[in-house]
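The two complexes that follow have chain A in common; it is paired with chain B in the first and with chain C in the second.
This part shows the complex of A and B:
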């Protein structure tokens, strides 16, 4: 049969596909940047000033790339976790809440136990991870027990999380730091005990906490776990074809739950490490998560659930965040950065979506062909 | 190839002969590298299915392109470009076309609740309402019962006679082509090797032209008594009942025994519980009552992987549904059920995986450029081989093959048959579930008949009584 020539053609087609995909990526990114620049010009500021301010704020000014790295760590952790869930075919979009709950859990040990110690630091982060995992696990239980869609429950649990966090900050018996003689109390916790803080790394005046190398190691570890272990393999099978998974012995409950718990734990760890790493002066408040969870989710989407790809993407997203602070100084509305970021996300979505559509169409064509 | 108005053409060929590709060129899904298409003497370019529709070329696909959640009329007008949705006229269209061709169907019923035959009616109505001049059918009968096929052919006849249209019927069922067409076009290796009026050809002619050699059409191989009856039961189902979600019963006290080294054929017309039976044996479905025993040990139903672990291999009816993962590589698909052989302490050994995959690929003659290509790049026949290779590689006690020959060509059918027999000779208990009686008569040692979710009769192949078999299948006994 003409099998050999057929497969050779298949391979050639594949590589030209990749070329096309790369071109599409470039075209979409250029398009997004052009639109962004136009928007900035329309707002009456010059785009060159905007770009300069962004780059200054993210990398060039003294101490700024440390700031960018500091913001990278939690984004990366959240992204790695949500990538794991998505691999298993589970759409967890409640990282924002899981992160907040994680920070809150961590706060119970980190800010309340005196004196601080490295053991308390580890325990605090572990409690944060467990809290995040349980918060996500709640959605998992609802799904496997009552078939309540995970997308909905994880999303709605975000709002519940912020209510609970706010509640813990209204009671001195919980997390609220009651300062005697001060009537206008800030609704925030005490600072993390001095001994329980994450170490700070300082390079040429750039300061960031140990959470950066830790997040990097975790990303590498998950990359290995997903591609080189039976657990990762089974998650993939479950995500791609759940009936084949069931037949081949991949329990939906066990593996699906493990993916949900891991994604929640990652978000929780991110929250606890933010707190231990010095975010908002080591104090927990109800707005503590400040959209890091949402952004981490976007990082994972753009990185297409790859823990390794998530590293550069997280850096870019963190740079946009830290750079945006300099925009307002340059007289440009910082909210433009959100628009730019959204444009980038959309631009990065188009190429894989197109190639996926093509692939589906080709697979369908093949289905009827059958040799 | 020339298609004249007012005739039905049978396009015959093995899988991979290029039938489907040729039809896809006509419908605009594939663009030819060279060559030209003329309609009424005018050269036409068919660049997209929309294009083809404008030219009056319509196609009814083998895999239906209907939306389950919508009603019949909604599906019929789905592809329309106009912005106005007129339920009334859409219903009229469905009723009118239905009435004209004997394709009656309730325009308001939900497509998801229809049988395969009824769905095909909807597809055909969808095509016919555009008054196509050329109507292409890709293996239309593969999902139909005998009766439904007959009805379909009557409709085709009517289209050709009344409208002066042309019908191209892609098939690899010889009898069907002989019965329903005016002309036969035979393809092999991407070429047309013969073209003749159907009335001048015989079954043997067609078979020979199709494969380019003589094939055993009905090899009634001596069914030598394998150590069937006397040996141990490897699979025993007792009183298995499965209630469907809608409240009815899909398996109703089904009992069945398979011994080591025999092939048991489950005969019956489709929709009598065969699919659920395979699902139960694939751990995809929990039984309400009854037990499944493998090698004398009861196996929990519906628990992930329990059936596979106890030694039941399955070649499922729809491999895309529960047989393989299209987006994973061939090697990964081959190792799905035997991960612990290529891993230690949970860590995968990719080299070992590749090696075992390569061994299976050569052993089962899978054509693929490398074990690392995604499964979806393989043709259907090769995907089927991958599934078979995987299921046999774990040395199962029982092999369940559900409609294993469906959609395969003559030589692939031969191959599949040989492998099943080989497995039985090696002591595996084979359960062959098929709605093709020929297949079962050809392969099985013992035949059981399934009707309305229960086994209603049993006979040995040597002593088969066709009349009784037919009556059992029809529920007359």
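This part shows the complex of A and C:
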């Protein structure tokens, strides 16, 4: 008995690096929570009521954890894709636009081909993925051809995407649903054909679409692809040291482009699956992406590009979103959630960065000592 | 030449709005130019512009004083810049992640707070400079503007002098090109970087305020909508030279002005969504065609940590 516990303790011993990282995380999170507490108290509401409302809205009230899961799926997909790009050293920050273009691409099949069918569903999601990939690929082409920074072009493409999406909703010949005899005040598409909707899973009154298990499977698949295949290894080499990659015969263009295309495709898939999974009553509108792309990117940054870590982080972000709906009911400003989320993101950014720096510095110091 | 093509080149109001729109871009681009010369990229200039825009509106509502409101706008810009600078060049967090978070946060805050305040703002007076504003076509555009716009004429030479003629500027450029060497010669690399970001924040904040009083007159949270990003594009378009960045601002300002004036010049309406996408589309196309193949600051967007390459 004694021996078992001793060996268990032995296995649980953490390296000083890990302890330091954990300490930093705790310190930063406590700091972020303290600031949000002060903010909430200064706004004249109480901290405990805010937390209760958040937890109620995200998990406790009937049907709410299904709502949280429903919101998790697109965040996770976007995060997995951005993780792939970042691993290859490419800063794609235009997921918001890629997601919107993906949803728009999907809408062309899902909402227009009216007698829907499972084949149309698959085609629609595939078209969404391709549209997202092409939108991101455009930024890749601009970089490899004319050296226009990807950070900039992906951002510019976000604004372009939202205008194009709005344009498709002004023409009956494109996506706009023209209701005869009524002025078209709502600029939105027709609803996704009944036959091409994603299946809905219902557990104890919690409803979410099939996109949740699909997103999970994709996250697991990418975790394997990145850690166990040549492709994943070469992406990592490219990201860590592009010169070494070149010497080792890893083509910048080929692997960089593949990473960009994958990240765009994931965002596009997320958009198309949101549409097929019932987001905004199965109708596409120009504000459809509603910041899911930005949030997904932040999830990936917080999860340090790991598809597996992205799962819990995506759940937290989704919970903040679904929980914030209950805040206004409790008389608390919903914008506080935005502030709290930003604080949380910053608090989660800092520890790994500092810990990594300190680790490298110590390694450096050891090296110079030996010399 | 068809009539409307001539109009595109000689239309007086088009030049005036080109200049007005270029000024707000120039404030952000000049500041961001300094910061990029030090090796940082701050997509939060978007947030700084919006912060200045909003701060100026609140200040003016509380106390109708243009100069004070512009100063408040500048201070808000500096505050946002301080967050960006400390988090990414002291705590070493990802600079794009921080910039993005700030942009989203500011947009959310502005949209949320706007209805809480009964914002009352107005345009500043037009101050035509005698003689100069009588120059045909360009005169009214350059010298017949509302007075806050003229601040850019002070900031451009000041920035040039700071970066090109002072010790501080030399150190800033050294930090952007070779931070290791700069560090060895005793320059505090990350301090210089933080200072340049604060300067970018000041200019962007003032730019947002000037845009409010010199062009739009009323606060809307959608007013800035991507202008900061286009300003960064102008810096890159200009090949990291001040001249080039300003040329980029004028060019992108012209495209933005086309968006407003094209229907009048052509004499028929165009789809508003397509028009609104024009600045972004044109920015991409222009960069594609003319992006100079000059070398960027060697350490651009590479965080610096002492002792590490």
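Please note the rule applied: the second predicted complex is superposed on the first by the 345 of 371 C-alpha atoms of A that agree within 3 Å, B and C clash if a C-alpha of one lies under 4 Å from a C-alpha of the other, contacts with A are read in each partner's own complex, and residues count from 1 in each chain.
In the analysis below, contacts are C-beta pairs under 8 Å (C-beta built on N, C-alpha and C of every residue); 3 or more make two chains touch, one makes a residue touch a chain.
As the structure is a prediction and not an experimental result, all values here were calculated from the model.
Look at A:166: by the touch rule set out above, it reaches chain C but stays clear of chain B.
Contacts of A:252 after superposition on the shared chain: chain B is touched, whereas chain C is not. When the two structures are aligned on the shared chain, A:149 is found in touch with chain C, with no touch to chain B. After overlaying the two complexes on the shared chain, residue contacts for A:244 are found with chain B alone; chain C is out of touch. Of the two partner chains placed by superposition, only chain B is touched by A:233; chain C is not.
In the superposition on chain A, A:291 makes contact with chain C only, while chain B stays out of contact range. Overlap of the chain B and chain C contact sets on chain A: residues 364-365. Note for the complex: chain B touches chain A at residues 15-16, 20-21, 24, 29-30, 61-63, 138, 189-190, 282-284, 303-309, 314, 316, 320-328, 332, 336-337, 339-340, 343, 346-348, 350, 367-369, 373, 376-377, 379-382, 407-408.
Contacts from chain C toward chain A in the complex involve residues 41, 43, 87, 91-94, 96-98, 100-102, 104-105, 108-109, 112-113, 225-226, 229-230, 232-233, 236, 271, 273-274, 276-277, 280-281, 283-284, 287-288, 291, 293, 301, 305-308. Here chain A touches chain B in the complex through residues 1-4, 7-8, 10-11, 228-234, 236-237, 240-241, 243-252, 254, 359, 363-371, going by the rule given at the top.
Residues 91, 93, 142, 146-149, 151-153, 155-157, 159-160, 163-164, 166-167, 170, 291, 294, 297-298, 301, 333, 335, 338-339, 342, 345-346, 349-350, 353-354, 357, 360-361, 364-365 of chain A are the ones that touch chain C when the two sit in their complex.
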